[in-house]
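In the two complexes below, chain A is the common chain; its partner is chain B in one and chain C in the other.
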Partner chain A sequence: MSDVVLSVKGLRVELEASGADIDDEVEFTIHSGEVLGLVGESASGKTTAATALLVHQRRGAVVAGGEVVIKGRDILSLSPVELRKVRGGLASYVPQDPSMSLNPALRIGTQLREILEVHGFGASDAERAERIREMMAEVLLPGDRQFLRRYPHQLSGGQQQRVAVAMAFACRPSLIILDEPTTGLDVTTQAHVLRTVKDLARTYGVAALYVTHDLAVVANLADRIAVMYAGRLVEVGPRDALFRGAHHPYTRRLLASVPDLAGKYALRGIPGRAPLPGKRPPGCSFADRCDYTEPRCIEAFPPYEGPEEHRVRCWRWEEIARLSLQNDFVPRRACDASRGATGPVVSAKGVRAFYGTTEALHGVDLEVRPGCCVALVGESGSGKTTLARAIAGIHPGKVEGEIRLGDHELKRDARHRPKADRQAIQYIFQSPYGSLNPRRSIGQILEPPLRTFFDLSRSEKEDRMVEALEMVTLDGSLLGVYPDQLSGGERQRVAIARALVAKPTVLICDEVTSSLDVSVQASIVELLVKLIDETGVAMIFVTHHLPLVRTLAQEVTVMNVGEIVETGTVDAVLADPQAEYTRNLLADTPDVDRTPF
Partner chain B sequence: MSTPMENSVDLLPEGPEIPHVTASRRHRREWVQTAKAAWALRRTKIGVGLFLVILAIALFGPLIAPYGPTEFVGKPYRMPSATAWLGTDNLGRDVLTRVLNGGRTVFSLSLTATAVGMAMGILLGMFAGYSRRSVDDFTMRALDIVMAFPHIVFVLLIVAALGPRPWLIALAVAIGHAPRVARVARGATLEIVGRDFILASEMLGTAKWRIMVTELFPNITSPMFVEFGLRLAYSIGTIAALSFLGFGLQPPAADWGLMINENRIGVAVQPYSVFVPVVMIALLTIAVSLIADGLARAIIGIDRRTGTE
Partner chain C sequence: MPLAKHILWRVILGFITLFFASVLIFMMTNLLPGDPARAILGPRATPEKLAILREELGLDRPVAVRYAAWLGDISHGDLGTSLAGMQQPVTKVIGRRLYNSFLLVVLAAFVSVPLSMGIGAYTALKRDTKLDATATIATLTLSALPEFVIGIVLILLLSTQVLHILPPISRLDPFAPYLGQLDLFILPVMTLTLAVLPYIVRLLRASTIEVLESEYISMARLKGLPEPLVMRRHSLPNAVVPAIQGTAMQLAWLAGGIVVVEYLFAYPGIGSALVDAVSNRDYPVIQALSLILAATYVFLNLAADILTILITPRLRTGMR
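== the complex of A and B ==
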């Protein structure tokens, strides 16, 4: 391996007020031309660690110790003036959201030129203009005057992010830090950006740190992977070694919760949640969620162990490394073929939906049989949510065509539908942070459907609520608790419970896992699979994430710009897609090879 | 980070093994939380302290006043002495006694006016914000017409036309507040109506008024709390101004605003008879503004020292 560009030792970032550790004992190196993927779930401290490398912290946090050396320069000891030269020059940063990082009032050409001027790159304006053209070519954007005269809002999200990447590479830095730069992008755009980053790092020998929550993304991009849990690195190793035989129990469980396209294994969530800063135990922070915990795990946090190229912080790593990954994977059950023999419980025929006068759905058909899960898949703007909302009767615009529930046609607006129809179709929203009223207790949130649809006494209502909470594996005692006392996953379970108390025949899930961490997503998917099995409810599962479809649905409908591209059984469509759009979508979807051995 | 940061305060492990959590009352009402956070700030404590002192003066002042409010205790415009600690006013009445007697109307009228104005404004604002489209436009444009009149001119217009009755003054000030409160309430409402839990309630077929009361209102209490403070400060000023102009209590009643007017000619001879009521009104306004500011800061979380945002 070539020379070391970045070396981090014992990095600690803490909260100024309480001294609680956000990150501690972070140690890794990156060589030139190498991409290191820093993977962690939300609140694991990955972004804080990444920005600390450029001595930037969010308000209230402070670097409390450790050593960051970029190309032989000790970054933490630099003066503010020297630091400014390093940022954007020696090392640069690509933030998560390009629409926030580009100045909306300046033309992109101006912003690119500014970077070069500030760092004294190039001897003359002509030379700098030449460099800008070169940069734009590197990120596959047109470098002509007209394009450079555009403002950020005149570019698409993917183009904006590529401009941000170009700015980061502008002064030929030695290190580039990318903080989830593809999060808001569609898979196709994401694929483009990832390819660009990888090529540029290779070509110019730049060391790259890629921060992400998405294991599938780093699986395709990174050379080595560092896994972060509760502010500490638990495992750092080469990509293949990590995916084929992770040494740390957390890495293994994380891998088991990532949906893959092959879908041979069921998703398995990780129960419990990571301890937040200030509440971290003296021992291993994963101990309370781990299957392999023994007394010494609770006593002390294990040191970095193992060979230099694959280090792990677990007392029992050698034992665990010898175990087959099979232990952490549960084979997926096959779909029940006997289901769906009867007619559809919900059907849509030639549905057209409008926003104002703009037609967003151009005559689409959909059929859902009882006990079956139909996945509606598409990128943003494909009309998948519009279709789901039209069926639920909450599309704000005009809807044409026929939507039937069983044997009768449904009214357009949910509020005009008879009670039985409103009860039959329940909708679960994307974000539990928005769908639960923060000022109402869980009991008050679950009560309205019961009050509306059933004539029950107080105690009967309470029994139903507790029953619903238990179905979503929550404790009945949570009735008096408010949403902000719960984690994201727990909130989404409450939202599911609210749909379940109505005893629906159709459950519409709109991207219900997209705001959740992978390990939580996996347990929600586990729960939904169980619900279909136990209650025989029909489900429409709206998602942009193809691998999820495999683990949950029997049938899939792929949508693009308001039309249905392809429809069929999941196995058929994913194995042998007929439409070119589906094939491209599959090719661009980052995937984890979860073949354990 | 892409996934939303967990912003919960209490930590619970996930999954079935959840410990029994008792419902804490503090979560029941948003404004209780806001008030607690505001109380942590020094400005709020000063504001509340000042307010209580002035309230005590207004409420209990008449009980401890050395003379009757209309009793003549000496010659007009006498400087402070052993018999009249703050001197005498234009007619030779005791200034201290009149100050102690003169606060009740300011308090009662401004509190009533603010409360009524807030109620009207919140109702209108929530209604407009939740109705959206044409109803929203119509309501807000109608309120714009009321707002086109400067507050004090609007009140003077009504009071001058219908006579200086206390309830009318309160009502006029309240009507002047309503459109301004409505704007804030509408803004807060618009932020909430787009949330999915409103849609979820609508899907159930819940009546609109019920959604407004149970789902919407509890979510806008904090900004309304701040607005109440701002409006109260404004009411105090307006009502004192009305008294000064002679539209409040009629002589010989004791009232801070009225005192300023009665004694202004002699301000060079006996400044206390003017300045003490002025200071009382000013301190009351400052106190209320400090509280409102503390609340506003608590809501946006300006307090940096705790590191919480």
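== the complex of A and C ==
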């Protein structure tokens, strides 16, 4: 095997104030030319661990122990001056969100040049300029003076991330740390960036640590994968071995909550939530969510076990490794063809929508039948949300065309619609952090639709609210609680409950899972499937993520730049896409290879 | 080019603001109790004499006509004739004093803005240390004190009771070069600086803290840039932007605040001119000075808007 570039042992990062561990006992190595995927859900401590390798912490956190060795240099014992030489020179960093990480006040040329200058790369300005041109060519961007004189906001998200990648590779580092660099990018752009990173790492023998919450993203990229849960690595192993025979129960459940593009398996969430720093138990932190828990799991956190190349921290790993992955997977139920035999409950015909004078939707049609879910899929700027909002009557600009609910035409603006129409169509927004008023209790959030649409007594209202909470598998006792006491997934359930109390006939879900962790996303999708089955509500599910569509929707409409590209049943469109755009979208969508089963 | 168009539009808006200000100023001075003719002739003037003088001054004409005539004269640079003393043109009465006040404000601005921005940025960098806490308490205390109290304390400390190193009053000799009288400027400039400093310090401290928490500063550090470069190139240009408007407001306040400070130090500027004019009911001078102060406010805010656009790439390029 090639030489070790990075070796981490017993890394611990604490909160300065309380001494609570954000990360502990983190151990892994990366060899030159190798990509290690560090996978974990939000608050698992993965980003903290990644930036700790360069001794950089957010305020209030501090590296409290362990050893980080990059190319034989003990990073944690370096002086500030030596450390500065390592950062950007020996080891570089690609940030999560380039739109936030590139300085808005500086030209990209300046930002590229300065990293070469401070690390003394190249003997002259001319040599450095040549190096910049070279790097820009590697990331497939123009390297001319005019382009380099641009400011970050004059670049697209994908271009910004390419600039960040070029910057990271500029001084020929030995190690590169990528912190979810494709979050927020469209799948096509994401695919390009991932390919570039992989090629560069291979070509220059760079060791790469790729941090992500999405197993599917690293499925094609990483050689090995490390899974992080509540600040600890629970499993580190070769990619294929891990995907096809994960030893840790958490890894298995995480795999089951990744949407399956092939559509063999239904999404399955992980109930509960990971313990936060300071509230972590002495035993295994996954024990309370695990199907295999036994007394010793609660007593002590298991050590790293198993062979050197595939290590796992679970007392029962040998047993579990022998179990088929099928134990954790539920086969996907086939689409019910009998659904939607009746006419559409909501329909749009030749709908055009404008932002100011710019036309964003160029005459699109959509039909949704009761008990049926239609997925609206597209990249940013495709007009999917605009269409959903036009139907809901909350598009801020002009809308033309015909939108019908049942047997009658709807007014353009929801404020002009009669009460019954407003009650019939309920909208759930993307971010449960933004859509719930933080100053209102859950009860106060759920009550207004009841007050507006129904004439109920106090106790009747309360019964309805509790009923709605129970439908979204929340406890009725949450009525007095405020949103900030809930997790992201719980908040989104409350947002769904708020739509449900109105007893709608059409439910519009706008990217409702995109701000949630995969395991939570899977639970929300499970919930939506159950709701359609139980209430017969019609659903429009807006998403940029094709694999999600499989478990949930019967029909799919693919959109691009304000037009409908393709429409049909989910199975037909995903198995045999007719439009080239859909084919490309499918090809660029990362997927986990579950071949052996 | 839309940027030029945008600036032109702002300038036009500025003039519209000034127009309304001029209406208000003219109306207020004409609604004040007392009558210029009576003020000039004294309490024992006969009604006949008063009537003659009123006619001479044009006070018998309708207010709107007088306003139009006044505005017309101003557009030619004629601010009218002072009613007091020698009845000189207003421009002559306030000319020298205006220059003195302008000098004072500019000096105070040149000292206070860089100083307070420097302190603000530095305390942000040293956030939550003893130095930061001390600076916070000091600036809060200062901002709680009116400027004349600060001035008096400075006089006590530096010119009378404790030390005797600076002159307690600043009566400039208009016939000698100012360069030789620089010591006379020190106390007024110090007072004004201490009066505007706390607000700008707090503004810049807050905006720098926000910038230092930003991801692009983390990125700059993770690129291995030395800390001085991170501060100078990456932090300051972004931290200054949100502080520009507030700084402009403070400078505009400076222009008004000199009235009190000039009086305290007997500095021959527009402040003392305004005090004299009010007690003499010298309407043309009051109107001229009020309009000049209003124009200063409008100009400083306009300058702040334009500066903000020019140093924010997103705004600047968005206009192209």
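One rule holds in what follows: the second predicted complex is superposed on the first by the 594 of 597 C-alpha atoms of A that agree within 3 Å, B and C clash if a C-alpha of one lies under 4 Å from a C-alpha of the other, contacts with A are read in each partner's own complex, and residues count from 1 in each chain.
Definition applied: contacts are C-beta pairs under 8 Å (C-beta built on N, C-alpha and C of every residue); 3 or more make two chains touch, one makes a residue touch a chain.
Keep in mind that this is a model prediction, so the values were computed, not measured.
Once chain A of one complex is fitted onto chain A of the other, the partner contacts of A:156 are absent, as it touches neither chain B nor chain C. After overlaying the two complexes on the shared chain, residue contacts for A:106 are found with chain C alone; chain B is out of touch.
When the two structures are aligned on the shared chain, A:485 is found in touch with chain B, with no touch to chain C. Contacts of A:77 after superposition on the shared chain: neither chain B nor chain C is touched.
Contacts of A:324 after superposition: neither chain B nor chain C is touched. Of the two partner chains placed by superposition, chain B and chain C are both touched by A:59.
In the superposed three-chain model, the partner touching more residues of chain A is B, compared with the other of chain B and chain C.
In the superposed pair of complexes, A:569 makes contact with neither chain B nor chain C.
Overlap of the chain B and chain C interfaces on chain A comprises residues 59, 96. Chain contact summary for the complex, chain A toward chain C: residues 51, 54, 56, 59, 84-89, 92-93, 95-97, 100-107, 110, 114-115, 118-119, 151, 153-154, 167. Interface residues of chain A, counted against chain B in their complex, comprise 15-18, 41-43, 46-47, 59-60, 96, 180, 183-184, 213, 271-273, 275-276, 279, 288, 392-394, 414-415, 417, 419, 422, 427, 429-431, 433-441, 445, 448-449, 452, 473-475, 477-482, 484-490, 498, 515-517, 520, 523. Within the complex, the chain C residues that touch chain A are 213-216, 218-226, 229, 233-234, 237-238, 311-314, 317.
Chain B makes touch with chain A in their complex at residues 1-18, 20-23, 27-30, 195-197, 199-206, 214-215, 218-219, 304-309.
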